[in-house]
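One chain, chain A, links the two complexes that follow: it is found with chain B in the first and with chain C in the second.
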Partner chain A sequence: MLVHSRGARWAVWAVFLVLFLPLFALPLLVVLGASFATHWSGVLPSGLTTGNYRAATRGEALQALTTSLVTALTASLLALAAGTWAALAAAALRKRQRRVMDALFVLPVAVPSVVVGLSVLVAFSKPPLLLNGTSSIVIVAHTVLVTAFAHQSVSAAIVRLDPAYEQAAASLGARPAYVLWRVRLPLLLPSLTAAAGLCFALSMGELSATMMLYPPDWTPLPVLVFAATDRGALFAGSAVAVVLMATTLLVLLAVSRVRTRASYR
Partner chain B sequence: MNADPTLRSAPVPGTPPAPVPGTPPAPVPGTPPAPAPGTPPASAPGSAPAPAPGSTPAPAPGSTPARAAHPVAAPAADPGTGVGGGPAGPGRGRRLRGASPLLWALPPVALLAVFFLYPLALVVRQSFQPDSGGTSLQPYADVFASPAFREALWTTVWLALASTAGCLVLGFLLALVIAFVPFPGAKGVARFIDVFLSFPSFLITLALLFVYGRTGLANGLWTGATGAADGPFDFLTTPWGVLLAEVTYFTPFVMRPLLAAFAQLDTAQLEAASSLGARAPRIVRQVILPEALPALAAGGSLVLVLCLNEFGIVLFTGAKGVTTLPMLVYGKAILESDYPGACVVAVVNVLISVGLYGLYRVVSRRAGA
Partner chain C sequence: MSIRFDSVTVAYDGNVVLDSLDLTVAPGEVMALLGPSGSGKTTALRAVAGFVRPASGRVLLGGRDVTDLPPHRRGIGMVVQQYALFPHLRVEDNVAFGLRARRTPRAEIRERVAEALEMTGMAAYARRYPRELSGGQQQRVAIARALAVRPAVLLLDEPLSALDARLRSGMLAELARLHRELPDVSILYVTHDQMEALTLADRIAVMDKARLRACGTPRELYRAPADEFTASFVGNANLLPVTVTASGAALGDARLTVDTAGAAAGARATLCVRPHLVGLGDGPNRLTGTVREIQWRGSTHRLHVDVAGHAVMADLPELRDPPAHGAEIALHFAPEDAVLLAAGVSGDER
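Showing the complex of A and B:
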């Protein structure tokens, strides 16, 4: 306890609330409020309606939701596989080689996502790999972007892994593949699911690279939110944004349940 | 894209148990705590591999017994360096040494090369190939000479620097209150911050449109109270609107490592300082701030890179007056189909960002080690 006098403590809390509420709580509340409204010209939104949601859960928006879900699920599974493989392989390398590999795999974090989008566009708009205009170019870009995060989470977990378990298994005659499958991966499961959730959330909200790449028939939710706000349909856009947030949170919640279950095993 | 593992409030020995009530402990009894078991928000951007920056390896009270039980085995976790140190795994470690680990590392590296490094190399190559054909520095000369580029470069840099400064100050203050002047619900606020990190950045700009927009909440309040025709708030389409949105969105990225570092701080130090007569500001300056510096440095440089690369916030602001480098890349490539020009801007942007990110890795490694 840093502040001992009661009055000073209340003052500190008041300052905290004055900073915290308008900056962090208000934006989310405002988007939620606007999604139920048709006008906002006073203190509170007016013209309450659920019409925005009716529009946001059918037709174009529903298609965007499935597009986003398919993209995010595919990208995070691919990224998880590639990132875990890379992290496991890097852990077996010598120090200098491991450094190089880690640096290679975090590079997509530092490169602006717009540039990742541009580079994928430049590279796959011509043979031998012609992906431009297909859904796979979006998935490829998302996978590249989130693999870095999967790799980082998993390699952090591998460093913390207690080697005693695998040593015990190996000393009892288990082959490396068996040790990996029955000892290391189960021990890593909590961080694998955490990484999956992270990748999913990032891919659901990805806008920069997607704006560079998306074909007309593969429009993820963030692009739809942008299209709506760009043409001035702010309220319809907020309803779509709330659907996006709610879906992300639901999936994260489901993933964290998997994790708690897994950690009992 | 946000986040970096080095920022995860990783459970470090001595950290109080995971913040989620009712989470089961580590997977296996006696395992060192897995990274952030049961903290779903750990999945939020900003999670991190390395021990939280600023964490001292000194075994704090309550450090995991498992670690203590195999003090020698721990270094052997690293088969690469474990040569001769401690009882390395009898079979596995030795078998993996040699050529085969490199072979195993090949497939993911090959994938990365095909889908990331090769496209990036093509961008660099295209930046030297003007539309007129041949190879020359002409695109660079054109872009560097254009006032739009210089302005975008300047806007990007000062916005990123100002946002980072704002995030550091605000994040430090808020984390200070959450950690050292806790109130009922402070844990919930910390969790909320984690959830906040898993939302896309453009939501903030969207929300600000309703709060400070021409006919938004703040202006509505003003016109309602004064009867004026227009409210005073009209800064959203200026760089200040982008600045506000970036400070809002990126402050949690500073708070996470700070909260992790504060959890490491022995409160007895604070009690001692205060019983010796130090007042709160002095304790903050002389006890807390030095402990927080590594976390501040790491979080700050990460936020700097993320701000340099931010696209969603600027795009949603829709301001003609605010153009940053990522916006310029998008504009040149998609709106003008000027690919060589877009590639030049992209190369400049990548050089700045990767350079700073490299610096960040060095800083955070030094801080975390």
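Showing the complex of A and C:
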């Protein structure tokens, strides 16, 4: 323990709570409170109801939830595949080439997501690759945006992977493909699931690029939240936001369970 | 299967870590590569395994040039210092790994895994994960895994250095037993520990600074080392600067009778005497000096004696009446127990 005296420990906790609560917890609590309200004019919300949730879990909102889930799952799996593949390929390159590759993959993060959305829109609005107006264009944009995170966390894990394992495997007569499937990927599994969780969470919350691209029949949940608040329906929007938050957390929890089962040491 | 290094040179970024090594390990022989860290011994082993590519020279296994073969096509077994057991696989699956990679029929895999685990005494641990085993047990699994593929060549890279001293001597006996059970397997054994090399090896190759210094049976290297480096690295040694005379050698005023092996009188040389062959009291080749240090080691006493400015070590069976600190004593050694090494051949820049 860093702080030894009892008093000092309490003080550190107090500072932590004073900083943490207003910054992180309170806004979320406010949204949670608002989602059950019909009015909020005093200190606490009033006119408590579950009607907002009834609206947020059926019809348009339910459709949007499915859309978001499908988009996020597809995008994070695509990103994981592309990012892992690239990270594995980069590991075999020389230092300078590897740096170029890393820079390329960081690009979508460095560039504002509005710009990524715009460029995807421009790129796929004309034949031969006419994706504008389809669900694919949203998934493509999300994939581009989150691949960077998949690539980064997987390449960090590859660097830490002890080459002794693959060498032991090779000395036992395993071909490189066999070593990849039976040794390297299983050993990377904890980082792969972590990367998948990160990509999923990012994609679930993506708004700015999505706004420029989504077709009417493929409206992800964040767009719905934005639309609701934009027209002043704060309490209905809050309920949708809580649903979005809860779903994302639930999926992350499931992923982290897979991860604990996958970590061997 | 024999292992042959044919002037193998390995360099990293122009830095030579193995300098034209010529060495042949006979089929069924245990060859120890003995040397300090940075001597190139591990590099030599990795060149056989295929993990480093020689800048020049060839590596041959059973007469076949394998220099350009990838590691998985060389048919070797390897055990490294940290074992590198696959943490996500059970013991039995670790041992079966090489067989599965080679698409061995399932029934045969079961049989050979059981056999390898039996041989290493790990049959009771087949369902465990590596993290649930002690260091010594992991070591046995690593050996079982390497043996399951029935390699003709076994490469052992400091396999005991992660174990504590008592386990080490036990495993050393186990390795000797395994080799008796598998007399056709050639073993290349990399170590920095002279005891391991002396105990296990049929021959020892002593390496220093990327070069092969000497190669011979443990007895040859111990009894008649070729140079100072070998003398001090294989066993303990007193190395005394002497001048060759007509009948032997001179250390200061002392006239010593030793085999000069044709060295010219007047030449400078180094006399090598093993500490346990030095006796206390008068005798042939008498040296007198002052006791500087007395170490009691249970079964022996080690005396550090200053003989005309040269430190001489003597390992004596436990003395009832050890000499006092600072006492003037006489030491002696038999003429046949000393070896005259030509000075300047080696041990130069050390």
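The working rule: the second predicted complex is superposed on the first by the 244 of 265 C-alpha atoms of A that agree within 3 Å, B and C clash if a C-alpha of one lies under 4 Å from a C-alpha of the other, contacts with A are read in each partner's own complex, and residues count from 1 in each chain.
We adopt the following convention: a contact is a pair of C-beta atoms (placed from the backbone, for glycine too) under 8 Å apart; a residue touches a chain by one contact, two chains touch by 3 or more.
Quick caveat, the model's predicted, so the values are computed rather than measured.
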item	value
Chain B versus chain C as contact partner of A:His4, first or second or both or neither	first
Which of chain B and chain C A:Val31 touches, first, second, both or neither	first
Partner chain in contact with A:Arg182 - chain B first, chain C second, else both or neither	second
Residues of chain A touched, compared between chain B and chain C (which is higher)	B
Partner chain(s) touched by A:Ser171 [first = chain B, second = chain C, both, neither]	both
First, second, both or neither for A:Asp162, with chain B first and chain C second	both
Which of chain B and chain C A:Ala246 touches, first, second, both or neither	neither
Chain B versus chain C as contact partner of A:Ala90, first or second or both or neither	first
Touched partner set for A:Leu130, first chain B, second chain C, both or neither	neither
Intersection of chain A interface sets (partners chain B, chain C)	162, 164-165, 167, 170-171, 176, 186-187, 189, 264-265
Chain A - residues contacting chain C, complex	162, 164-165, 167-176, 178, 182-183, 186-187, 189, 264-265
Touch list for chain C against partner chain A, complex	49-51, 70-78, 80, 82, 84, 86-88, 97-98, 100-102, 129, 131, 145-146, 149, 155
